[in-house]
Structure formats: structure tokens, C-alpha cells
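Paired with chain B in one complex and with chain C in the other, chain A is shared by the two complexes that follow.
So, the complex of A and B:
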């Protein structure tokens, strides 16, 4: 049992490190990963700056930081398995005796790491270009909340990515969710301002709760309730993705879609 | 117990065409294929493009569900016992894809070692010996994107052998490789048999099959049309002769016309630059050269030669249905 756990941890650590290497060794993609979150954050902050209200800037500054994570993690994660498909490695992954969940977890965690980088980069950009010094009441809880946002967003990405096993163009789903996600997760406007019928959609995304937890920890409130709901919704996505992954692999074997590009 | 058993294996695909008026078609890619491969045997599956070779392999390696029939690998059913089959087999396909381009060969092998359950303590030695086997020692730290096709193919083979599988499926591994690379690859495949591995190899290259395979099955339009050792297959046309006629500008329909001549078993056309070489397989005692030349009429004819049949002639005769 002890050996099996050690082997599992070794497997996950090695796969995480190598997937991170795959994701971070393209200079061009690295440049885009730097540029996009900063561009979006700039647009949001320029709009909020008109008011001249420091509280609004704090609100937008925190939201913009996580907005970059949503873009470069949640959206890109949906194309993770499409990349494998184009590289011809998807069949090899499916043909491996390791379960698809154990293959996808380190992949999405590697993507989370890129997402965390975008949070740090955006906060530095806000300070350097807009002279926004984010007031963080409790740094420990703030970091915990950001990490929770990264992990649960990985589970959303995991959920979106498994659909690519069966449907070749499902990567477009992630792209389609990019801008609605900014509104739904409350990055730049409060969820309470959205129409009543839209709000349940927001509550179904763990990032909404993570965003609330981040704001609470920055503003001196308690983030624990939001973190608990965030973890629970994230877990639902993870379980659903694991189940869906198995079903979609069976479907792909029936319909012969694994090798199609 | 056989290493691989396929019994009446079939696979049907549904295709769609048209945008507004959608028409659906059923394509039978594999129709009731049956064969067995004994442990330690190197078995070849030969056939033209679209004959069903890859589809058959993909059913055996659990990537496709059969529409009919059944198959077992080392006694495990490929539909019900997927995980056990996957643990015991290796799969290598030809071409440039199937590797992480931005990683080194070493990192590619490390990654797949983890996915194929190679114990961490054994990985270093195992990867080292496989790099040695495929001749990539010293180049293992370079990124795969800089590798030649031959190097990639050898890396594919190393990847397929990482978990020391009992059965290896090689799907056209030498496709697109230069002659020197192909020779090295054949030597590598030959050494697998020496190690006692069971290998199922698909290829278009007759000399490759002739050199490597213990037994060969020829597949045409989803059905096995012949099976036996290379010598047995050659014997099918062994009592005949092959007449090769170099021509320039053979009109369409000539093959059918020549094929109808008495004593002619099959006719194939091979393009060689400006020339079309007619390969006419004839019965041993038949004298057809004058009749063939007569039917060619005004077509410009070059060299005419007769020779003994090869495995390729047997293959052509089988896949053209003559």
C-alpha cells in the first residue's frame, strides 16, 4: 500500500513537471501568456480609473488578477486534450494502462501553475503601471484563496478538456466561455448585479466562490464559508469529469474518433 | 495459449456526407478476420491502403471496439479486460506524430514510463538500455523537434518497449524512412524476435515482410485472402513466371485487356518516372509475350524481361484478386 502511494505520488510529480515543461517551453506562447492577462487587466483598470475611487480600484485590481487566471487556465485547459490529439499522443494516452484521471490531473495542475503566474504578473503590473497597492488584510488567507481558485479552476478545465476525447472541436467551448466567465464569476462587476436567472450559473462555477473568498481575505472578512463552497463545487466538477472521461473514452472507442484530427 | 487470437473480427464505420441532405453510409472496414499468433512469433499483416490493417490493430490494442467477433491478447478479452491487455502490450505506429516535440527523448521516455507503470527504481536502467537498443544513446537530451524521421521512429519503438510488453504491435513503422534508417529499424525489429517478443507488424514493403516475418496474412478489402510463411505465399505464384514490359503511355483499359489473355494470371502497372512497367504474371508453360505485345499496338515498348516471381508478385496477385 505504502509503495503504491509512493509510486502514485512519483507518477503525478514527474508528469506534472514534464507537462509544465511542455507548456512553458514555447517562447511565442509564453509571450502571449504574459501579454493577454495584462492587456485585459489594463482595459478593466482604465474603465474603473475614471471614477477615481480607491475602493473601486481595489475591487477591479483583485478581479483583474483572477481574470487572467481564468483566461490562461480555464480557457486553455479546454484545449489540452485537443493538443494531444493534434500531436498524435491522445491515442497513446488512452491506450496506457493508467486511468485517464491520473493522466489529466498533472496536466491541469501544470496549467494551474501558469494561471498562478498570471495572478502574480497582473498584481505586479497593477502596481507598476497603475500604482495600485492592493490592500490585503490577511496575506495567508489571501494566498490560500488564490491557490483554491487555481485548483478548482483546474477541475473546471479538467471537465471541459475530457469532452475533446469524443468531440474534436470541443476546445471551442473553452474559448466561448472566456468573456461570459468574466461576468459570471464576478471579476469586474458584482454577481448580485447580474439578472436573477443568471446568478445560479455564477454559483455553479467554483471560481465565483474563490473570487468572493479572495475579496473577503483582502478586505478583512472571513473567507472560510466561500472556500468551503468553492472546494465542494470544484470537487463536483472533478468527479463529473472523471465519470464523463470514462464514458467518453468508451464512446470514442465505439465511434472511432480518437485518431481523428 | 496463443499470444493473439482474432476470431471473426469485424468493424463497421458509419460515415456522413452532405450538409443539408445528409446521407449516411456504412463502411465495412474489417469483415470477419480470424488469425492466431503464437508466442515469440513475428507475424505480418500485409495489405494495400484501406485494407483494414490499422483498424484490425486498433481493435486488438483496445482503441476501437469490434462491431462483431472477438479477440484475445494473452488470453485477455480486448473488450472486457481492457486494462490487463493494455498492461501487456506495446503499440508503435509510423510517421512523425505521437511524441512530445518540445521534450527531449529522455523526457518523452520518462513520461511514458510513468504512464505505463514502470517502477521508478527501474526507469533509469530501462530507459538507458532502450536508448542503446534503438541507437539513440548520446542524443537523448536533445528535443524531439530536431530529430529526423528515422530517429523519431526508433524513439517510438523505445517508447513501445518501456514496460517490457509481451506483445508488440508495429503499425507501418518504416513508413517514410530512408533506406539506411529502414535497415536499422529492421535490425531493431529482428532483435525483438530474438528477445522472445511476439510482434504483429503491418507494412507495405515486401522485402521487409520477407526478411522479418515468420508468417504473413494478406488482407484485402477487410478480409484475409491468404496466410502462410513467406515461402508458402511465394509458392502460390511459384509455378509461374513474371514478364516485365517497359512501356511509355499505356492507355487506360490495357490492364483489363491483357488480363483476359489465356495464360495470364494478373497484370499490374508500376510507374517508374516516364515509364509504366507492366508486370504480367503468367502460368509456367504459357508463352504470352507476343500476344501481350500485339495487344499493346502502337504503344512504345522498351525492355522486355522474364524473371522468377517474388513475394511482391504473390502479394500483387492476391490484392488484385487474381
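So, the complex of A and C:
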């Protein structure tokens, strides 16, 4: 039992480290995944700055810092298996004795790590360019909430990566999810501002709850209820991804469509 | 006659062969869903910040998104030749370079125009935007001019990607620069002075300003100065692109780097 746990941890660490190396040396998936949301955050903050209300700037500054986490996960995770397909390694991953779930989870965790870097970079950018000093009431709870956002986003990324396995140009799907995610998760606009029929879509994304928890920790409230819902919705994505992943991969193998580009 | 044939038929063939986004699986998420979502994102940011009305963001972001096909399609009709190992063949033909490369721009301008108009129409349908019926013909004309101007920048970018391998990353960086500096979401008078000065030398800036004035009830005669400046900026980038193409062509012959990928 002890050996099996050690082997699992070793495999997870190797997959995580390798994927982190791949992402951090890729101009598109590393550099651009940080720069692109940073520029959109800049555009959003320029809009908020016109009115110059410090409270609004705090609100937007906090959300803008988290925006990049969505980009690092959504766009890259959607095309994760397509990239393996192009590289000719998808069959090897699927045929490996290690389950696809155990391979994909550390990979999406690596994406979330790039997302955490994006948070730090955006906070530094906001301070340097916009002179926004984020007022965080409880740093411990703030960090816990950001980490919860990272972990649950990794489960969303896991879900996206397996459901897009049959979509040959899944990078386009991932790119198209970027703006809806920014809208629905309430990063720079309150979810309550969206039309009523859209709001349930927001509630189905763990990042919406994580963002509420982040704001609560920054404003001196309790984030625990939001964090609990965030963890629960993240777990639903993980379970659904594990189930769908097995079904979709089996189907692709049965129809011999796994490697088709 | 040969030059005309190269301009029209060669340009269309090249666009159809090289611009891989024409597949509906890419075209719909990238050039229909994404521009609409970007418009909605900034319209809601504007509402949340209490700055400007929906029309301001619809016009700005719809025209901004025209830059995506203008930059990426233009670059791929040049870079794609290198990927396909046909660049050497194209450049050893006696065809005149002007119709050869400008011909590729014509379908791209039409594509950029189409994307911007989809954005404007979706904005009118989904948000509180009313554009006077008499303003539409002039608006359509200004969008054509702006797309042409952006395509000039795309031509310059296409020349640069003959030497820079990360074309997709480069294109996204330019798109972000246009988003922040061209008055897409913040009027030029509300931008910091140095940013407004940079914006004046970028495509989109004057076109967006002209389109907003038209949507507010001005007529074409009122915006001829802005349209002329947009044409001038676009012309400048087109000339720069042609010069860069000539330079990189000569340089790649000298250093045998034409097909180095």
C-alpha cells in the first residue's frame, strides 16, 4: 500500500513538473496566457479609472487579478489532448497502464500554477501602473481562496480537456470560452448585473464561488460558505470528467478515431 | 492583365488555401462567438463602471475584432507558404510582388469587414443600441476603411513572421496593443496622453472614432478627416509591410533562411 501511494505521488510529481516545464517555456501557453488577460485587465481598469471611484477600482483590481487564472486553464486545457494528438503521443497516453485521469489532473494543476503566477503578475502590474494597493483584510483566507480557485479550476480544465477529445480544433473552442468565462465568473462585473437567465450558468462554475470567497476574505467577511460550494462544484466537474473521459476515450478507441487530426 | 489575374484570382486562391480558420469548427467560435462575447464583456464592464453607453462599446469592440482576421489571415497567407514549403516557388516566379501580396489582402479586408459587421449587428440586437437607419451606409464604408487599414498592419506583421516563428503569439500581442491603445473601450480624451499619442499612429483609432460619430448621428462629411487619417495610417503600414517583405525576401536569399521554420 505504501509503495503504491509512493508510486502515485511520484507519477503525479513527474507529470506536473514536465507539464510545468512545457508551459513555462511556451510563448503561446506560458507568456501569452499571462499577457493576454493582463491586457484585458488593463482595458477593464482603464474603464473603471475614468470615474475614479476608489471602491470600484478595488473591486475591479481584485477581479482583474484573478482573470488570468481562467485563461491559463480554459484555453490551454481545451486543446490539451489535441496537442498530444498533434505530437503523436495521445495513443501512448491512452495505452499507458496509468489511467488518463491520473495523467491529466497533474497537467491541469500545472496550468493552474501558471494561473497563480498570473495573479501575482497582475497584482504587481496594478500596483505599478494603476497605483492600486489591494486592501486585503485577511491574507490567510485570501490565499486559501485563491488556492481553492486554482484547484477547482484544474478540475474544470480536466473536464474541458476530456470533453473536447473529439473536437479536432478544440483550441478554437477554448479561445471562445475565454470571454464567457470572464463574464460569467464575475471577475470585473457583479454576476447580479447579468440577465436573470444567465446567472444559473455562473453558479455552475466553481470560479464564481471562489471569486465570491476572495472578495469576502478581502472585505473582512467569512469565505467558508462560498469555499464549500466552490469545492463541491469543483468535485462535480472532477467526477464528471473522470467518467466522461473513460467513456469518450473508449468510444474513440472503438471507432479508431483517437489519432485522426 | 497578368497582374490583375494575380491580384484577384491569386489572392483569393491563397486566402482559401492558407487561412485554415475557414473551417466552420474554427470560424464560428473564433469569428462569430468571440467578438460577440467581447462586446458583451465590455458593455457590461461599462454598465458596472457607469461609464459610457452600450453603443460606445459595441462600435469599439466590433471594430477591434476586425483586427483578428486582418492580422491573422494576412499573416497566414504569407507564413503559410513557408509552412507549406511553397514560399520559395512563389518568390522565384516572375510575378510582380505588389499584386502578389496586395491581392492576398482583398479577401482579408472582406473577412475583417464581415466580422466587424456581425459584431455591430449582434450588439444592436442584444444590447440597448440604436443606430439611425441613415447612418448605416456611411458606417459600412468606415468599417471597410478600418478593415483595410488593419490589413495593412497585418501585411507588416506577415512580413515579420517570415523571421519570427511565434506568429500566433505575435498576432495576439498586436491585438492586445490595439485593444488598449486604439480607444476601443476608453475614448482617446480619457486615455493618458502618451497612450493617446501612440494610438494616433495605430490603425483602428480614427476608424472607431469616425464610426462612433456616425452612430451618434453625424454624417460622412463630418468624419472625412478621421477617415482620411485612418486611410493614411493604413497606407503607412501597407508600405512598411511591402518594404519589409522585400527586405526579408532579399535577406532570406542571402542567408538561405527562406524556409527555416
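Just so it is clear, the second predicted complex is superposed on the first by the 251 of 261 C-alpha atoms of A that agree within 3 Å, B and C clash if a C-alpha of one lies under 4 Å from a C-alpha of the other, contacts with A are read in each partner's own complex, and residues count from 1 in each chain.
The definition used in the following text is that a contact is a pair of C-beta atoms (placed from the backbone, for glycine too) under 8 Å apart; a residue touches a chain by one contact, two chains touch by 3 or more.
It should be emphasised that the depicted structure is a prediction, and the values quoted were computed from it without experimental measurement.
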Side-by-side fit of chain B and chain C on chain A, or clash: fit
Touching partner for A:76 - first (chain B), second (chain C), both, neither: neither
Partner chain(s) touched by A:175 [first = chain B, second = chain C, both, neither]: second
Contacts of A:62 with chain B and chain C, given as first, second, both or neither: neither
Touched chain A residues, chain B compared with chain C: C
Touching partner for A:47 - first (chain B), second (chain C), both, neither: second
First, second, both or neither for A:241, with chain B first and chain C second: neither
Geometry of the superposed three-chain model: angle at chain A (Cα centres of chain B and chain C, steps of 10 degrees): 80
Partner chain in contact with A:95 - chain B first, chain C second, else both or neither: first
Partner chain in contact with A:20 - chain B first, chain C second, else both or neither: neither
Touching partner for A:258 - first (chain B), second (chain C), both, neither: first
Closest approach of chain C to chain B (Cα atoms, Å): 11
Chain A residues contacted in one complex by chain B, in the other by chain C: none
Chain C partner contacts - residues on chain A that touch it in the complex: 27-28, 31-32, 35-36, 39-40, 42-44, 46-48, 50-51, 56, 60, 167-169, 172-173, 175-176, 178-180, 182-183, 188-190, 193-194
Chain C - residues contacting chain A, complex: 21, 23, 25-26, 29-30, 33-34, 37-38, 40-42, 44-51, 166, 168-169, 172-173, 176-177, 179-180, 184-186, 190-191
Partner chain A, residues of chain B touching it in the complex: 13, 58, 61-65, 83, 86-87, 91, 93, 95-103, 107, 110-112, 114-117, 119-120, 159
Chain A - residues contacting chain B, complex: 7, 10-11, 14-15, 18, 21-22, 25-26, 87-89, 91-98, 103, 250, 253-254, 256, 258-259
